[in-house]
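Going in written order, the chains are labelled A, B, C, D, E and F, and every chain counts its residues from 1.
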Amino acid sequence: MPRLSEVIAALENLWPAERAESWDAVGTVVGDPGQEVSRVLFAVDPVQEIVEEAVKLGADLLVTHHPLYLRGTTTVAATTFKGRVVHTLIKNDIALLVAHTNADTADPGVSDALAGALDLRVVGPLVPDPSDGEGRRGLGRVCELDHPVTVRELAARAAARLPATAQGIRVAGDPEALVRTVAVSGGSGDSLFEQVRAAGVDAFLTADLRHHPASEFMAAGAPRPLALLDAAHWATEWPWCELAATQLDEISDRRGWDLRVHVSRTVTDPWTAHVASDATSSSTGAPN
Amino acid sequence: MPRLSEVIAALENLWPAERAESWDAVGTVVGDPGQEVSRVLFAVDPVQEIVEEAVKLGADLLVTHHPLYLRGTTTVAATTFKGRVVHTLIKNDIALLVAHTNADTADPGVSDALAGALDLRVVGPLVPDPSDGEGRRGLGRVCELDHPVTVRELAARAAARLPATAQGIRVAGDPEALVRTVAVSGGSGDSLFEQVRAAGVDAFLTADLRHHPASEFMAAGAPRPLALLDAAHWATEWPWCELAATQLDEISDRRGWDLRVHVSRTVTDPWTAHVASDATSSSTGAPN
Amino acid sequence: MPRLSEVIAALENLWPAERAESWDAVGTVVGDPGQEVSRVLFAVDPVQEIVEEAVKLGADLLVTHHPLYLRGTTTVAATTFKGRVVHTLIKNDIALLVAHTNADTADPGVSDALAGALDLRVVGPLVPDPSDGEGRRGLGRVCELDHPVTVRELAARAAARLPATAQGIRVAGDPEALVRTVAVSGGSGDSLFEQVRAAGVDAFLTADLRHHPASEFMAAGAPRPLALLDAAHWATEWPWCELAATQLDEISDRRGWDLRVHVSRTVTDPWTAHVASDATSSSTGAPN
Amino acid sequence: MPRLSEVIAALENLWPAERAESWDAVGTVVGDPGQEVSRVLFAVDPVQEIVEEAVKLGADLLVTHHPLYLRGTTTVAATTFKGRVVHTLIKNDIALLVAHTNADTADPGVSDALAGALDLRVVGPLVPDPSDGEGRRGLGRVCELDHPVTVRELAARAAARLPATAQGIRVAGDPEALVRTVAVSGGSGDSLFEQVRAAGVDAFLTADLRHHPASEFMAAGAPRPLALLDAAHWATEWPWCELAATQLDEISDRRGWDLRVHVSRTVTDPWTAHVASDATSSSTGAPN
Amino acid sequence: MPRLSEVIAALENLWPAERAESWDAVGTVVGDPGQEVSRVLFAVDPVQEIVEEAVKLGADLLVTHHPLYLRGTTTVAATTFKGRVVHTLIKNDIALLVAHTNADTADPGVSDALAGALDLRVVGPLVPDPSDGEGRRGLGRVCELDHPVTVRELAARAAARLPATAQGIRVAGDPEALVRTVAVSGGSGDSLFEQVRAAGVDAFLTADLRHHPASEFMAAGAPRPLALLDAAHWATEWPWCELAATQLDEISDRRGWDLRVHVSRTVTDPWTAHVASDATSSSTGAPN
Amino acid sequence: MPRLSEVIAALENLWPAERAESWDAVGTVVGDPGQEVSRVLFAVDPVQEIVEEAVKLGADLLVTHHPLYLRGTTTVAATTFKGRVVHTLIKNDIALLVAHTNADTADPGVSDALAGALDLRVVGPLVPDPSDGEGRRGLGRVCELDHPVTVRELAARAAARLPATAQGIRVAGDPEALVRTVAVSGGSGDSLFEQVRAAGVDAFLTADLRHHPASEFMAAGAPRPLALLDAAHWATEWPWCELAATQLDEISDRRGWDLRVHVSRTVTDPWTAHVASDATSSSTGAPN
């Protein structure tokens, strides 16, 4: 059985910590480098529900995409939910490794997994990492479709292929416009609008878009119309867990580690229900 | 017919500019204080589509909730959509007045209108303005329901009573939990989570919630369970337009101004369509 | 007739906006890129008096050296004089283009025009732009005189050749010293003292010098004596309007645009009168 | 004969150091508290020329309005002109005391002396010091004239009563407008424009005004027209030297110190000559 | 047996966390509020050696004066010594509570314990806490001696009464001067020099003094001579552990908790040996 | 006799000012470049005691390692001890030159002199200056011993070879461990711990180490054990005075200047006495 330090070294080789953004907090958060690892669980969020799944599973290592502590803490007391996560992990000898923006920009990375789930052909990164001479690493991906589809059809494909969430997919722009090229970026994408416009694509699929950025992006227009597709943040990043688990499986085979690698299917998206506006009934003077 | 300066003085009396947040940009953005005003249009967003509605209507004054320029600009050239808004307004002798955080915290204000649309009884502000001795002004409102309803029923009520939008209402927490008290805040509410928890309410209705704040808020738990309801940003603020129009109508009557006051029914929420996740069909290994 | 976007593209070619200082605000401030241009007015200051001259003249484009908004604004309401400028321009279909520090450092630029007005032979920039391989662009100019003159004679030449202003020319240093080389910089020059000293010139002609910088510069002395000549800020920049108008005339001829190009002769220097100290009469104990 | 510490204590009583602005550097700059003082020289600027006058005079203490070091220094080597000032003072046993913004806001202070030189009746401070319950201390002074005069006449009075300088007095606004009330502020006054407008005076007399602030102040207009008078910085502060010398004389008499108190008549304004624009001759296309 | 939350509430009552400096990090760092507490260990430093002592002792709670994490961390992985401390504590069900600047300024606090160890009579705080109306809380203590002793005698007393350390006591100033009043401050004291001088004491006993602050403090002199005594940082704070243990014992008795309270005698001062300069032998040209 | 400017030029050639840290303040602090120099004194601290030694000696130039003013001053009045230093120097025609971090990183520099005093063979700089292609300049030095010694023996050697001070040498770590390689850095060294660990040495000799950095450095451990030796700050820098005096002697000979060069033997370390902890007697419950 490999030691934690060996497994982490192998994973850090896929997503080197120094490739994370300067404000990010990646790497080993909990765990003793000398402990042995036989079972690994991948998930998006390091929340108590996931940690308890790891305990039940008998996992020795939990790998999540989101950091437990993005800003530094001076306490891990179990009076906070994050401190309780730390206590539960240590009491159960489970290490925690985070791969966040270093996994976003990796090749293959989070947006490759998202594109793959939607059968999109990746052309290259949306924001290329200048330190990558081959031009393959970076944030987001620019993709092509083999056959043009409408925005509505692309949204339906996302709804069908991504993990089911209460939120579903929101669309901005003309639902009947044709999409030949699309930019995708797992997680919050509203900081990438400028690059999306520069990429000249027909649509942008991402998550966590808010009124002001989305509204101004649509109002600013473009040389050609462009649609937005907004999925649940969690759903856009979950495909990466499967990708990463596959990568670790291959490493385990190659090295004869005999690891058991799992992907959590627990939905940690906060939204649990959705009610549609009913455009036919309105009891007030509102334009409902 | 009143002059612009007189109408603006009357409206500034409702929402004094000095009560706006220090980072906000409210007040008169376009217009000549000496021009006459006979027709006024209220809307949420100062976008080109609304400005053209004002032109067609023959309005002399457009009052919006959102600022045109929240950050300072050094150009109003019509090469940008905001510059085109300025050109269209000035060419058509239409003034623009913004009432943003000064309207949010007014008594009555944006969240009073939101509570009113949902038949909620306002108990007081969620974040009281310390300069208001009477304790009525401030951000958000804490409300009571005459009869308890489930979270799902409250969401359905919001869907029915607020203007219809493609996004609908998202719910976090147990949809079947009972709600007796609810905090509401028009627009983006994720900066108010601490005060919501302190208020001891059963639910919080607001807009523009993102994965990380919402997820951490739910994970942090509370002395008692608490649900989140997330509506379209635009829809939560639109009821204020009706409220403000009514306020101006009364002023006009009282002063004999004979103003024609309108509320725009154009939906400027960016989302135009929604596709639900179909939990029954999944073509990948995702937990869909 | 060319469109505004074409005329501005031609002028931006002379003074590319990206060559302006990072704190500056240059480029198109008002105007619709699609409007046609047949008449252009050049001036130093975008004040109401100049805008009204443009209206009377029937100009479609006003080009000024000074920015209208150097710091960003969130309102163009006509309650401020700058807002009134914006309203008057848009109501009269007049665009406004600003060329400020990008014109200062251009080749030829503001200080070339100043040197030309005084019959000074330009040797090179005072502060070369490091991005210009040919060493011709930059702030200020170092110049030679064909025949040495006294500081007083040089001041008299400046008084005679620059537009007349109430302020006249102030001199620091020995008025009878001989000047063979002189640095010139249109507008406020007190940030350039270090480079002037390094240039080893006999005199520095600029504007807006204040007591402390000028006094410390003279007190610090130098390997050789050096005189300061301080003219009206406006007067040192006005010659550029004639230069720029000539440049646009040539472009218009070359492209067959048939533009009518004008230079405003309105004095927008704030000083309207000057009273000399009378060294012979003193009614107090002052050293008058 | 009093010790330096005693004389300084008496002067600090007139202008307590803690009343200086936080960015200012006032108080004793050079000198040994135990040395004796018999002769004192007052001047505006601590430059070498003034220090040599103090040496010739046999002064033990030089009091200046302007600081020697406004920003901190880590060297007083005589390789700089300020270091040479320090060496000359110490070698000749001359102390240096600075009273700058603490003298500006004193009662009586720099602007009282300026008003007195022009026979203006002081009504109160332009910017009252909130810590002065009597409302007498503060920056600048608001003054009344016994008989209204034109702006031009007021400028002529300033030219006649203030120490003669090469620069003379510059006027902005209508020279023939009548002045009944005037704000005065010795030294650079362009940071006080807002308060001047609020004071409702007819004119503002100060120094070191530059194109942009003065131009925007005049363009912004006012409920009533307002003129600017710009004198030499040094000349507006020199009257304070006479005032302060008189104050020290009285203290000396009262305490039987028998001090010899002098005021320097050396002009340390940097401007040595002035050439007027000749509006009748113009050799170029300029509007001269 | 009390729960951790009860014990911590009792201790927070002695040293409320909100009385800590804003840059400090106090309170519960590790532990589950619901766990039971029967044995408590007090120590200065939360280092591995102390944690292992707690494990051997069977302690449920470790209370230290120094924070484990003064700056926030985003990882507690056992690859760092602090992460190993966290792992060891959690694996062994030991909670960690920090009382740092809130204990320094408490009444009684760290410097009271230091004064008590030296038989000094406390007069009051050196830097009174302005929020304490009784004037008892604050940093450091001003103390009196019943009988004057020399500086050397006071240093010998400190060496004898404080825990033995390799460093001993360093003295600055005249060792034979008499001390009647002394300021004491446990831990690093060089930020308190200004207040020490203002207190008018004869000596200052603290720790961690460095060359530049100490040298400048002695060079600056004072109305009367003043000596410095510099002990090991750890030794000046250790007496507080005994004080705090006694306080908790009393609480335990009063509440019938039957706690076992211990004070660690492990020396965690880093210095393990000391070699004196031998003034009689010198092999170089040094002034040894 | 050379002029001050010539002597300083020669010394600046050894330690160019531009090689000092950006926060440092080196170069000529007092003195007239034209004065003649015949006698020079080297010392560590520019304090009054040293200046009076220079006066008695008849020195024309004092060269110190520590700056007089590290932060800028706006006054040199003799009311402060630094101002008195300036007055004494100028009254006695003594110049002051500071060589601080530019001497630390010079080749040879402060740590070379320290290594030399201890018979350590310098291998290279601890923190190489990246601008030195030869890799000889930089902070600190990594050294080898010809024959391994114990940490205790190395401390004893430092005590014997460095100037005698009351503090002596403090040791952290195992006193009996063998030392083959050692890093040395004159003055405060706690900012260099990371580089010391990276250098893989057995010990680090420096000064002014405080509890927290030293304690955390020892707790963090290393691939191999590492000892700290802490001497008096002054004592670690004094050897440089002898080195620098020798360098100036050679220059003087080569140029025929006939300078008299002295090194001060006055101990300006603030510590005047030391009392060891007596581990055998303890009157309290402390672990003494």
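Keep in mind that, in the parts below, a contact is a pair of C-beta atoms (placed from the backbone, for glycine too) under 8 Å apart; a residue touches a chain by one contact, two chains touch by 3 or more.
By chain, UniProt protein names: A, B, C, D, E, F = GTP cyclohydrolase 1 type 2 homolog.
Values in this document were obtained by computation on a predicted structure and should not be read as measured data.
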Please identify each chain that touches chain A as well as chain F. E
State which chains count as neighbours of chain B and simultaneously of chain E. A
Mean-CA-position distance for chain C and chain B (Å): 48
Taking the mean of the C-alpha atoms as each chain's centre, how many Å separate chain C from chain E? 66
How do the chains line up around the ring if the path leaves chain B toward chain C? B, C, D, F, E, A
Which of the residues in chain F end up touching chain D in this complex? 25, 27-33, 67-79, 84, 86-87, 90-91, 95
Which bits of chain E are touching chain F when the two form their complex? 45, 47-48, 66, 80-81, 117, 151-152, 155-156, 158-175, 187-188, 207-212, 214-215, 217-221, 228, 230, 232-235, 238-239, 242, 265-279, 281-288
